[in-house]
Structures are given as C-alpha cells and as structure tokens.
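Below you'll find the structures, each written out as structure tokens.
Common to both upcoming complexes is chain A, partnered first by chain B, then by chain C.
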Partner chain A sequence: MSARLSLLAFAVLLAAPFLLGLAMPQAQAQFWTVNILGRALVYGIVALSLTFLATYGGFVSLAQMTVAGIAGYGVAILVEGAVPGIVGGLPYALAVPAGILAATLAGLLIGAIAVRTRDIYLLMITLALAMAVSRFAESNIDWFNGYEGIRNVVGPTLFGVPFRQPHLFYYASLAAAAALYAGVLYLVRTPFGLVLQAIRDNPRRAAALGYDVALHRIAAFGVAGFIAGCGGVLTTIYNIGISPGSIGLGASVNILIISVIGGLGHPVGAFVGSLIFAVFDTFAASLYDRDRFNTLIGLVFLGIVLVSPDGIVGLARRIPSLLRLPRRAQAARAAETG
Partner chain B sequence: MPPEPALELTGIGRRFGALHAVRGVTLRVAPGERRAVLGPNGAGKTTLFNLVCGDFPPTEGRIAFFGRDITGLPAHRRTRLGIGRTYQTSLLFNGLGVLDNLYLAVRGGRPGRFSFRRPGRGDPHLARARGLAERMRLTHLEERPVSDLSHGQRRQLEVGMALACDPKVLMLDEPAAGLSPGDRPELLALLRGLPRSLTLVLVEHDMDVALPASDIVTVMKDGAVAVEATPDRIGSDPTVQAIYLGKGH
Partner chain C sequence: MALAATVVLNGLTLAALYFVVASGFSLIFGLMRTVNMAHGSLYLVGAYIAYAVFEPLYDREAWYAWYLAVPVGMAAAALAGVAMQKLLLGWMQGQELRQALVTIGVSIVVADQLLAHFGGTPRQFLAPDALFGTTELPLVGRYPTFRLVQIAVAVAVGLGLWLLLARTKLGLMVRAGVDDQTMLSACGVNVPRVALAVFALGAALAGLGGVIGATAQPLAQGMDGRFLLTSLVVVIVGGMGSVPGTAVGSVLVGLAEQIGQALFPTYAVILTFGLMVAVLAVRPQGLMGRSA
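And now, the complex of A and B:
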C-alpha cells in the first residue's frame, strides 16, 4: 500500500469517532468506536504479528494468540487491582513492559522451534503449543485462576482519564497499531528484514551468502512476539480481563482467519481482516442465531480464499489492473484506427 | 617457480550412495585463466562445482585455493575467501527487487550482517550494489521485483551477485543455458569484459559458446576427466568426438 493511501486511512481513523458521532446517536457511536473499530485495532495488532511472520518469513504460526495471551496473563497476574490478585501490587507502568517482555521471550522460544520445523509441521507444533498453554491455564488455579481467569484488568489512568474511556481507549489503540504498523514497514527494508525475505525465498542461497539463517528466524519470531504482546495487553484491557477461552483453539484460529481474510502479502491486511471479522462477529449474531456465526465466517473465509488467495488486500490491488486493461486495449485500438 | 594455482583439485571424488558422481578429478587452474568444463548431461560438472564451492564436502580428495586447503570449509567461508558462483538453475530472491538482491550479496560477505538499521543514502554497500547493477547493465531495472525479469536479465543479475564478494575465482554453471539468441551476445560480451585478474571457470553444454571464451577446455564423462586440451585441439580430439558425436551433436 502506498504511503499516501496509508496516511489517508490513518486520517480517516483519526476522525472516525467524530464522524460516527455526527452520523448516529451517541451510544451507538461509542459502540462503533470501541467495539467495532477499537476491537478491530487491538485484534488487528495480534494478527499483524502473524501477517508479518507469514508475509516476510513464510511462517504460519497458530500460537500468536497464545503469545499475546502470555502478555495478557502477565499483566493480569502482576497488576494492582486485578481480581483475584495473584501477585498484584505492580502499577501498569511496570506490569505492561513485563508482560510484553514475557511475550517477546515466548516468541523467541517458538522461533527456536521454527528453526528446524516448517510449513504444516510448524502449524501443528504451534497448534499443540497453543492448546497446551490454554489447558494449563485452565487447570492451574494458583497462577491463572483456572477456568474463570483473571478479571478487572482495566488499564492505567492516563492524564486523569481511565483507560477504558471510549476515546482514550480508541486513540491509544490507534497509536499503538499505527506505530507497530509503521515499525513493520520500516523493519522489512532494513538488512534484517531483507535477509528474512531472502531466507523465505531461498534459505540455501541466503546461507551461502554468509547469513545466519537460524538467527534471523529466531529474531523474526521475537519481533512477532513483541507485536503480539502489545496486542495481548490491549485485548486484555478491552475484555477487562483474560481467561483460558481468550487463548483457546477458537481464539487462535480466529487470528489465522483474520490474517487470511485480510490477506497475507501486506501488513495492512491484518487490520482490514480484523475489521471485517469484527463487523461480521457483531452483526451476524443479530441477523442469524449465534451458533450459525461460525458457518457464516467459515463460508466468507472459503469464498475469499477461493476468489483471492492473497485476501481482500490482494483483491483490492488487482482491481486497478482489471479496470485498466480494457482501457488500455481501447487506447491501443484508438491508436490503430487514428 | 610457476605461480600458485588459483584452484587445485587433487583426486577429488563424491559419492551419492551407490552413485559415484565425481571420481578422481585432478585439475589445476592458473590465476587469470579461463577454463571451460564440458561434458554430456550427468557427467558430474555441477557436482564438481558444488564441491569447489562447498555446498557439500567431497568423499575423497583435496581442494586448494591459492595454496590454501579449503576442503573442509563451509560455503560462505569460501565465498568470503573469494570464490563466487552462479547456479545452473537460477537461485535468486524472487520476492525482492533487483537492487535488494545485489545489496544482500554485497553485504553477505562483510561484517555486521545482522542489523536493524536501514541503510542510508551514502551507505557503501548500497553504493556498491548500484555499481554492480550498472556493470551488469541493470540500472534501469533496480527497483523492479526479480520476478519481472527476463531469463537473460536474471542471468546478468546472477553474475552481478557472484561478483559482489570481489571473487578471485568466478564459477559459472551454464550461464548461457536457456537464453534466447537475442540475450546470448549481451551475456557473452559481459563475460568477455571481465578483468583478467579474475579466474573464470565455466561449465557449458554448447561448444560454440565455450570454445571462444576459454584458454583450456576440460571434458568430463561419467564423473571423471576424459580430455584436457586447448580449444583449437579439442574439436579434433577423437575422445571428444566420440562423446559428442555419439550424442548427435
């Protein structure tokens, strides 16, 4: 996506709460700001970590929601005011960096596994890992409060405003998403990012050129762990807590669905997919009964993968060339006859 | 005393299970020499290349590079010592741009390879990558993804990447294979323009390409060296005629 288009999208997102306020009653505008756009941003960040890995590294991991959950649980366990208090007592200013650090380390650990495992095997291993962590959280009372999880993680108070105040939550999420998105775009043009893509295209050749393939793979998962960790902190505050269900099979697969719907091919796909997912998840339930949501999202998923393997973003990219083609043909014909 | 050979292979062999792909090859390539390696399909030319470049170790024999034993060195260490190569089947980074490919090749041979800092305008590696693009006549394509290039342009890029490590010996595996007649002269002119300080080892199927470009020709068959002679004598050599005419060339 061009820089100009990115800036335009960012400007629209900046103005969105006010535009929504003009278009609909306040309560509804607030719902859209937090529960559609805000939610799309925070889950989009988690999906961004997967899109980054898949697009530039060629890895598909099902453990990115788990890594996000490690940051979420980390904050919930450490922070003051969470219920029940496990360790407690820490302010958000310390608990949040600790949670993100834990997620980054977890990412590096998965990276160490990915050095030797790829493709479907990596998918299976990360799936098993995700299941193991959520099962462990479910059965462990001392640290994770078991099935119930940890509640009342409301976020810090910034400038005297509680974090869950709709506009503050939205703009904080937007700032985090924009910074991480820009960070990914910067990173993939650094030597690290270029080597990562080179390894994706041809690991043998990259190694022959003198690059340390294992080191770059592990670092890529560390970066993805950091991104997912940031998303995990925000999703936990969005949900006012965390439970094993937030990192279970369904949640992990949802991240994959978001990334694929949006398109593995450009990081913006994570947010596009996340927005589509949030809209469907919210409104399909009222059109349909709740249980059919999975059928619907499954069909949407299938449709998009069949029509455009690189997702909605890939589809949008192809539209200009589809439109231009007939026009060029016309121009050529005009030139011939003229 | 004659100068130290750029490459010296002594009794080099490689087995793949029961298959003896290369056997008892002894070769001396002098500095600055242009050496062509000919031979029918499956003669072991590419395997011999891979042994010299360090893709896998030989099962027997010794390889020396300017007198230094490199038999056990991994591929990237040999690249850094000054052995550049191209591959028979093009091995480029297809998802990246032309300049990115060259930049990665330049940077691979140098320290500070792992970095999160974007190269600035004056970055010396980037400048060198631009220089290589110019030498390979690819400047106008610098920003294009490699997947857009024609077959001939891909070959030019391959040679550029092989030159990135400042090689003393350049190994080219069938550089002209599959090129259209239009692309061929461009690449051959480019190869002929390489300085004599560079030693060139060239695998070729096609005698018409190999002979004018080389000082000495080695013909391989069934993994072993069959004939070694100058280009003007090779055509009349009875063994070579048997190998090539027998194949209908």
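And now, the complex of A and C:
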C-alpha cells in the first residue's frame, strides 16, 4: 500500500468517531467506535505481529495470541486493582512495560525453540506451544487463577480520564497501531529487515554471505513478540481482564483467520482482516444464524485460502491488473501480427 | 507401589488411545506431507455419527450396538477424510502450508456444525457387557476392563499397520511414495489414488479412536482440539511419518501426562511440553524420525 493511501486511511480513522457521530445516534456511534473500530485496531495489532513474521520472515506462527496473552497476564498479575490480586500493587506505568517485556522475551523463546524448523513444522510446534500455555493457565491457580482468569484490568487514568472512556481508548489504540505499523514498514527497510527477507527467500545463500540465520530468525520473533505484547495489553484492557479462553485454540486460530483474510503479503492486511472479522462477528446474527458465527467465518476463511492465498489485500491488488490484462494481451497480439 | 503401578498403567492405556489417533495423523503426513489440522474433527465426526447409530440400538438393548458403532465411526471418518482430500486438498498437493490452512478452515466449520446438530451435552458410549466391568490384575488390583481393551486395540492397529506397510503391495507403494513421489508416479502407480487410500485409512483410524475414546471418557465439543494437539505432540516427539516413532511418542506422552498429573497436578502440562521442547532441541526430526 502506498504511503499516500496509508495516510489517507489514517486520516479517515482519525476522523471516524466524529463522522460516525454525525451519521448515527450517540450510543450507536460509541458502539462502532469502541466495539468495531477499536476492537479491530487492538486485535489488528496482534495480527500485525503474525503478518510481519509471515510476510518478511516466511513464518506462520500460531503462538502470537499466546505471546499477546503473556503480556496481558503479566499486566493482570502485577497491576493494582486486578481481581484477584496475584502480585498486585504496581501502577500501570510499571506493569505495562513489564508485560510487554515478558511478551518480547516469550517471543524470543518461541523463536529459539522453533528456530530449526519452518513452514508446517513451525505451524505445528507453535500451535502446540500455544495450547500448552493456555492449558497451563487453565490448570494453574497460584499464578493465573485457573479457568476464571483475572478480571478488572481497566487500564490507567490518563489526564484524569479513565482509559476505557471510548474516545481515549480508541485514540490510544489508533496511536499504538499507527506507530507499530510505521515501525514495521521502517524496520523492513533497515539492514536487519533486508537480511530477514533474504533469509526468507534463500536461507542457504544468506548464510553463505555470512549472516547468522538463526540469530536473525530469533530476533524477528522477538520483534513480533514486542508487537503482540502491545496488542495483548490493549486487548486485555478492552476485555477488562484475561482468561485462558482468550488465549486458547480458538483465539489463536482467530488471529490466523484475521491475518489470512486480510492477506499475508503486506502489514496492512492485519488491520483490513481485523476490521472484516469484527464486522462479521457483530453482524453474523443478521447474516446467517445467531449462533453460527464460526461456520460463517470458517467458510469465508476457506474461500479466501482457496481463491486468493494473499487475502483481500492481494485480491484488491490484482483487480486492476485483471481488468487491464485482456487489453494488454490484445495489444501484444496486435503488435505480433502487425 | 500399587499407586505407581496404577499410574503407569493409566499412562499406557492413555498412550494406546493416543497411538490409534496419532498413527492416522502420522500416516497421512508421512505420505503426502499434508498436516491434517482437521484430524481432531475426524475424531469427532467418527464418534458423533457412530453415537447416532449406537443410541437407538442401545435403547432397544441390541447386544451388537457397540460392535456396530465401531465400523460405522470408522467409515464415517474415512468418508469425511476422502471427501476432504478429493474436493479440497488433492488439487493443491505440494502446497503444504495452504493445505494446513484449508484443514484449519474445515475444522472450524465442522466443529461448529457438529455443535449445531448434536448440541453441547457430553455423550458416552457404554461398552458391551463382555468388555465392561473390572479385571483383577497383579500389583494394580481391580482395573477397568475396557482400558485393557484399549491396549489390545492399539497393539492390533500397530501390528496391522506394520503388516500393511511391510507385506502388502499398497504398503510397498506407500513406502516408495514417502521416499520419492515423482519416481513412484513415473513407475506407473496412480499416486493420487494411493493418496486417497492412505487418507481413508488415516481418517478411519481417527474414527476408531473416536469410538474407543468416547467409550473410555465422555465425548464433548472441544475434544477435536485436544486430540489434534495430542497427535501433534506425539508425532513431533516420535518423528513424523514413522509408525514405531508414533508408538514411542504415544507412550512417552501418555506416561508424561499421567505421571505429571499424579505428582504435580497444576504443573502437569509443563512435563508433556517440556518433553516436546527437549526433543526438538536435541533431535528436531523426532526420536525415530529421519532428517528431511
């Protein structure tokens, strides 16, 4: 996506709460701001970490929601006001960086465990790790409060406004999403990002050029861990807490669905997919059947994988060339015969 | 001492169930490099459809209800597996990651449709009289007979698979296909048809595991994830595509789970996954796997 288009999208998102306020009643506009756009942004950040790994490293990891959950649990365990208080007592200013640090370390650890594997092996190992963490959280009372999880993680009060006030939450999420998105686009142009892409395309040649393949891979997982951690803190505040269900198999697969629907080919796909997911989740009731959201989203996912492996973004990118192709082919034929 | 023996026996009977399910997963992966993320769904499909046949017969007190449920469950899972390979996976052979994603999509839809049709109430097969009750064992004392049947089934499956792979023409083709599919097809073997047969067999094993598993413990939504995960861990530990490896992996995972739960219940999961991580660190191809 071009820089101009990115800025345009950012401007639209900046104005969105006010535009929504003009278009619909107050309560409805607030619902759209937080529960659709805000939710799309925070889960989009988690999906961004997967899209980053898949697009530039070639790793499809199913453990990104888990890494996000580690940040979420980290904050929930440390922060004051959480119920039940496990460690507690820390202000958000300390608990949030600690949570993100834990997620970054978890990302590095997963990278180190999976460093010698690729493709489907990586998919299997990360899935197994993801389910291990959620089952551990479910069975452990001392640290994770078991099945119930930890509630009442409401976020800090900024400038006298509670964090979950709709506009504050929305703009904080938007700022985080925009910063991380820009950060990813910057990072992939740095030497580190270029080597990462070289390793994706041909690890042996990159190794022959003298780059440490394993170290770059582990570092990429660390970066993805940081991104997922930021997302995890925000999703935890969005959900007012965290429980094993929010990092379980379904949640991990949902992040994969978001990334794949949006498209594993450009970071923007994470947010496109997340918005589509949030809209579907909210309006599945009126589309098909109240309880059959999973069938609906599963079929959409299947359709995307079968028709356009690079997702909606890839589809949108191909449409102009699909329209242009016949004419160009005609011109080529005319040139040949003429 | 008796407690230790019981825990080990519990681990072995659990391992037997894991082996039946995971051997199908491993077989499919070995030949076609297809990671069937819907393997747990095949387990559920086999178990639920078998239950739908079992229940009315059991109500009429037909003695053969359970014995009929076993082949029905296997056939249902095999049909589902063949349909998936034929309609979705066959034409993208070689695109492993895409196939894995497709099977994830299938598993989401199947799990949701099963929930819609069968609801969330747990169900359980009742073992026929001959397999019900307890058996007196040395050291352990009274032990559920059906758990021992589980071990017998696993041994039978293991022997059957070994005979099939080592002694039959289909097995010959499968073993050749694992090594070099292109050459096999150049020798005039219809590889897609062999793939279909292997998929049917692997799926049928998931269905068999479904009926056996749902007799030993209740059948409920979410079991698909559990058995997919177990299959993954078993083949990662044992080695992909190897029947002996799957057996070794099943025994290790089954024992680790039961011993972990007996010694430190709330940290038990760590033992199983610590095992997986340790194997990955030392032998990424699995204990009995060949390096790619």
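What we mean here is this: the second predicted complex is superposed on the first by the 317 of 338 C-alpha atoms of A that agree within 3 Å, B and C clash if a C-alpha of one lies under 4 Å from a C-alpha of the other, contacts with A are read in each partner's own complex, and residues count from 1 in each chain.
Here, contacts are C-beta pairs under 8 Å (C-beta built on N, C-alpha and C of every residue); 3 or more make two chains touch, one makes a residue touch a chain.
None of the values given here were measured: they were computed from a predicted structure.
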- Message: Quick check for you: in the superposed arrangement, does A:I86 touch first (chain B), second (chain C), both or neither?
- Response: neither
- Message: Going by the contact rule set out at the top, does A:M131 touch chain B (first), chain C (second), both, or neither?
- Response: second
- After superposition on the shared chain, which partner residues are touched by A:V213: those of chain B (first), chain C (second), both, or neither? neither
- Message: By the touch definition at the top of the document, which applies to A:R205: first (chain B), second (chain C), both, or neither?
- Response: first
- Query: So, does A:L187 touch the first partner chain B, the second partner chain C, both, or neither?
  - Reply: first
- Item | When both partners are placed on the shared chain, which of chain B and chain C touches more of chain A | C
- Task: Scan A:Q197 for contacts with chain B and chain C and give back first, second, both or neither.
- Result: first
- Note on the structure: Given the complex, residues on chain A that touch chain B span 186-187, 189-192, 194-195, 197-198, 200-202, 204-212, 215-216, 219
- Message: Please output the residues of chain B touching chain A within their complex, sorted ascending.
- Response: 53, 55, 75-76, 79-80, 87, 91-96, 100, 103-105, 107-109, 113-119
- Message: Residue numbers of chain A touching chain C in their complex, please.
- Response: 60, 113-114, 116-117, 119-120, 123-125, 127-129, 131-132, 135-136, 139-142, 249, 253, 256-257, 260, 291-295, 297-299, 301-302, 305-306, 309
- Which part of chain C faces chain A closely enough to touch in the complex? 33, 35, 88, 96-98, 100-102, 104-106, 108-109, 111-113, 116, 225, 229, 232-233, 236, 265-270, 272-273, 276-277, 280-281, 284
